[in-house]
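Below are structures written as structure tokens.
Okay, so chain A shows up in both of these, paired with chain B first and chain C after.
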Partner chain A sequence: MARAVPADPHDGEALAKRIENRWALTMVGLVALLVAMVIFTGLHWATMPPSRVETINPSTLHVAGEFVESNLGSAVEADGSITVRIVGQQYSFTPQCIVVPSRTPVTFRVTSADVIHGMLITGTNINSMVSPGYISTFKTRFERPGDHLMPCHEFCGTGHEGMWANVKVVEPDAFARLVGPTRRASCDL
Partner chain B sequence: MSGPLLRNRWFVGSVGGTFLLLVFSVFVGFVWLPSAQDDSLFKGLLNSICSAAGVPRSWLGEASAPVTSPVKVSEVVMTPTTLDGPASSGAVGRGGTLALRCTMCHGLRGVSNSQTPTLAGQYASSIYKELRDFQSGARVSAVMAPFVADLHDQDLRDLSAYYASLPRQQSPATQDLQSAPDVVATGAPMRNIPPCGSCHGRLTAKLGVPWLELQPRDYLKTQLEAFARGTRRNDTSAQMRNIARNMTTEEIDASVSYYTGGQ
Partner chain C sequence: MIYNKRLILAHFWLAFALFGVAILLGEWQMFIRSPLHGWLRNADLYYRSVTAHGTVMGYVFPTLVAMGFGYFISEAALGQPLVGRRWAWAGYYMIIVGSVAAVVPVAMGLDSVLYTFYPPMIGNAFYYIGVVLVVVGSWVWVALMGINLYVWKRAHPGAPVPLAMFANVAGAYLWGWTAVGAALELLFQILPVALGFATTINAGLSRVLFSWTLHAIVYFWLMPAYIAFYTIVPRAIGGRLYSDSMARISFALFLVFAMPIGIHHLFADPEVGAGFKVVHSIFTAMVAVPTLLTVFTICASVEIAARLRGGKGLFGWVKALPWANPQMLALALSFVMLGFGGAGGLINMSYQLDSTIHNTQWVTGHFHLIFGGAIVIMYFALAYDLWPHLTGRALLNLRLVHWQLWLWFIGMIVLTFPWHYAGLLGMPRRMAFYDYTAPGMFAEGVSVVMSTIGGAMLVVSAALFLTVLIRNHSAARVDPEPFTFSRAVHEPVSLPWALNGLGLWLGLMIALTITNYGYPIVQLIMTPEGRVPPVFVGGKP
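Up next, the complex of A and B:
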């Protein structure tokens, strides 16, 4: 025999519905806010999943291709832009000193020869993982001359704290004097 | 079951809403945001979807051709399996026979009595890499070049296996990391110098890098200074030159003294 349900003096069902509705709206609002933030940063600051994925064999970087030692550093392209190529390895960046002109489009191409490293350039929004097997590519532009540090920011082993490089931004005419006949420049000693 | 579920407005609202959100997010992530990138490789529907999905593609194919080095640099490819496995590892016995030609400088059992490196117990990967570099001319030595000129790759693997198999000299107590100079144990991070021990043993080792303990003083000092001046350049991608050129004379002396056992 079914027991008679006592009348609910507080109208529990309607109350539960109100609370459910309120929570549902809060959650939808949160998700909408997050998606809107992603869209805003994506459109206005061009933040993106790192780059077009580009792979490379990390064990043969020094043998052939664009990451051979003599091709590292800043390269002057035909259109006047600069391509900077850097190899990260336990425990240094090569080249250790990177020189680029101000007010010029710069494309960084960075890869690792061994483990996962990272790089960021202080005072800028340049910040990337440097992974073996992948080339991190990003484009930027330095407005003012100045010196920046470029530490490895991903723990890469017992010598990690000694791994950093210098980035020198110089006036375009000063940069032009540093460029050799091979159209490459670095400020390594 | 579907009837009652679809009549439940909570079910329809939450599942349907989540699905719509998914469709919208996919459009944002795979089409809208990639298309906003200022790069031809992101233009077009297929390109933007592939880029967001992470399909590998070469990016700067049109850039200027690489500059090749005017001097010979190391071309040895070292991976953990380079000297591993039945076909690629060396034969100790055969290496021992070949090593007879090395004994006049490197000692009867790989322990040098002159200013040449001690090879007993050295990592096989390091010996193999240096032999290959002597052969290619990436590492220049008037003495070593004629000795390796006519050796085959398998000979080099056998020699490496032989010397790696010999017992290392007993390190004196002064080799303890507690008594090591700062540059060996901690480096000088403010001047771009990681600790020697992070690649050369005691702390950690790096593939292709030698174990340095109990090497002759003159040999170590000459090589370290050659790296610092850039006259020795067979270190892959300048990994040792980067460090040696930042070291002070005192740090060079201190690390050399430590690795010679304080002789």
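Up next, the complex of A and C:
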């Protein structure tokens, strides 16, 4: 690095320190830039992972409340947005097939009836843990119709390998035809 | 002068023997879940294997390497026989007993919970007790490292602590404190349920406590490799360490910033609020700083060696490096893997990008590249450097050493690059079987086959490594020159107290852990709804 060869060894040490400090400051600046990008995108695009710390009793999911079986799947809200409610348990998701319209705001609400599960939807950035005792909530929007896989991505026991669901994204008018008077929809595989 | 060669060799050999077994399990897993093998009728065999592979490679192997190397450094750098030799042996036997207690129920299928435990799944208590024993055995080492430094400092008031020992003790304290998280989880959450004293478990709290250990443990794995970067490689290639004080600052920064960042493993978890996730994301970015400082200091040190050997020009000096020297080769290969792995790590720590790859095969690829690649290749290198001093015999087969290091590097790239790619396609982790005929999964099948081939190369490389070490024990006796560590260009005459001891950094480490973890932990303790029923695996004990 240093081209000049100073006569006094103390000069050499000072020079070495200067080069080193310049590098250290550059690196701190680089890291600060990365952090600034993370904060900016977090605020500007409101890209936030599920963080509401909302609790629910996993032992009574099936008896009463939001996650009873008849309330699972896609529901049309008054404002036209969709809320998808899913329960994960060893070793399946309920419902096994989820249908949502494209170009529509979708809110996922997911919880577990037993152990830690996870879910991701292939080809998207949807990715969340599914923990017993807590509800994971996140908002998204599918731009194009298509079929996606939805595996459980956290080890949940011996049958973990079989825990896959399907997500079908359909055109909004096709979705409207699926939705009956209950304003609920799910699909067949 | 090394006084307790048997103690050090016992640690290294146990570490490398277990490594040799666990790598076979890893390759078996790669094969089982690839398209080369059909559905495994008893999927639990796969999860037993994952549990054993993770427990050995994550806890036992690196801990034993750090301990053996730590005892070596203490004697070689301080020039005094190890204080507390009997305690050291007691810690060693505790690790053996703990490993057996853990592995037997895992092999019997009573504890297929993976090395990350995953409550509310609860397995047989002996597994957790075994892990606790391994940790307690390693805490004996932590205490001994602190005591040995203290004894030396009292005998040498005001003298600069040798860099190797400074870093070694930093690593020991890092481990001592980071293991507290998992210890709290095991003692207050999992074991009461596993032993039948409690009927519910706070799964969210358990995950937060585990995250306290889960990230900083990586820096504990990394310490021996970084100590080798700074204190062995420059000496071995005939150079000087560029800067002694920057080395100390790097190790001190690891101590401070390794701990309060673990919640970046929980970005996708519902039990932690957005605020602390962002804070941990920012702190994770900061822990990149000591690595970036290290890259500079080591590259500059290597350049010094090259110029002393007559290297010229802006980049021409690279040709003058002693490429035939295994330390030089291992360092270069390690840095390449560190570069790729570090770039992947910056993606993981980003609050937003994480959601693309969280819990996919990308993450497994990432930590195999960083730990198995960049770090373990330096474990090999330091074993090659230390062995003649421990056995008093020549280390022959330099050609074999070269093959071994290159094969490890190429195997690790072939293993992990397709692994990252499969993750980007959305392939989830920890499954014994994938239906590659499902739409969109063909590409994942191709990349898993490539990884399987990379894994096979790693198995061959591991066999070569063990062969070189075993052959050394029957090689011709030599009288190696006294072991030395690298000397800095400007050796410290006296050091400011902050860089001659760890007090300040320990204080910061504990304070930052409390600031960054205190509130989430208290909040979860105060959340009784978070307590859920356990789900027993392998039959209730």
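The rule is simple: the second predicted complex is superposed on the first by the 151 of 189 C-alpha atoms of A that agree within 3 Å, B and C clash if a C-alpha of one lies under 4 Å from a C-alpha of the other, contacts with A are read in each partner's own complex, and residues count from 1 in each chain.
Just so it is clear, contacts are C-beta pairs under 8 Å (C-beta built on N, C-alpha and C of every residue); 3 or more make two chains touch, one makes a residue touch a chain.
Since the structure is predicted, the reported quantities are computational estimates derived from the model, not experimental observations.
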Touched partner set for A:V68, first chain B, second chain C, both or neither: first
First, second, both or neither for A:V115, with chain B first and chain C second: second
Contacts of A:G80 with chain B and chain C, given as first, second, both or neither: neither
Partner chain(s) touched by A:G123 [first = chain B, second = chain C, both, neither]: second
Contacts of A:R183 with chain B and chain C, given as first, second, both or neither: first
Chain B versus chain C as contact partner of A:G29, first or second or both or neither: neither
Chain B versus chain C as contact partner of A:S92, first or second or both or neither: first
First, second, both or neither for A:I39, with chain B first and chain C second: both
First, second, both or neither for A:G146, with chain B first and chain C second: neither
On chain A, positions contacted by chain B and by chain C: 20, 24, 28, 31, 35, 38-39, 42, 48-49, 51-55, 59, 90, 114, 135, 137, 157-161, 164
Residues of chain A defined as touching chain C within the complex: 1, 9, 12-13, 16-17, 19-20, 23-24, 27-28, 30-31, 34-35, 37-39, 41-42, 45, 47-59, 90, 114-116, 118, 120-123, 125-129, 131-137, 147, 149, 151-161, 164
Footprint of chain A on chain C - complex, ascending: 43-44, 47, 50, 112, 114, 118-121, 202-204, 207, 242-243, 246, 266-274, 277-278, 281-282, 285-286, 288-289, 292-293, 296-297, 300, 303, 346, 350-352, 354-356, 358-360, 425-426, 428-435, 438-441, 489-490, 523, 527, 529-533, 535, 537
Chain B residues within the chain A interface of the complex: 10, 13-14, 17, 21, 24-25, 28-29, 32-34, 36-39, 41-42, 51-52, 54-60, 63-64, 66-70, 73-75, 77-79, 187-189, 192-195, 197-199, 203-204, 206-207, 236-239, 242-243, 245
In the complex with chain B, residue positions of chain A that touch it: 20, 24, 28, 31, 35, 38-39, 42-43, 46, 48-49, 51-55, 59-72, 75, 77-78, 83, 87, 89-96, 107, 109, 113-114, 135, 137, 139, 157-164, 182-184, 189
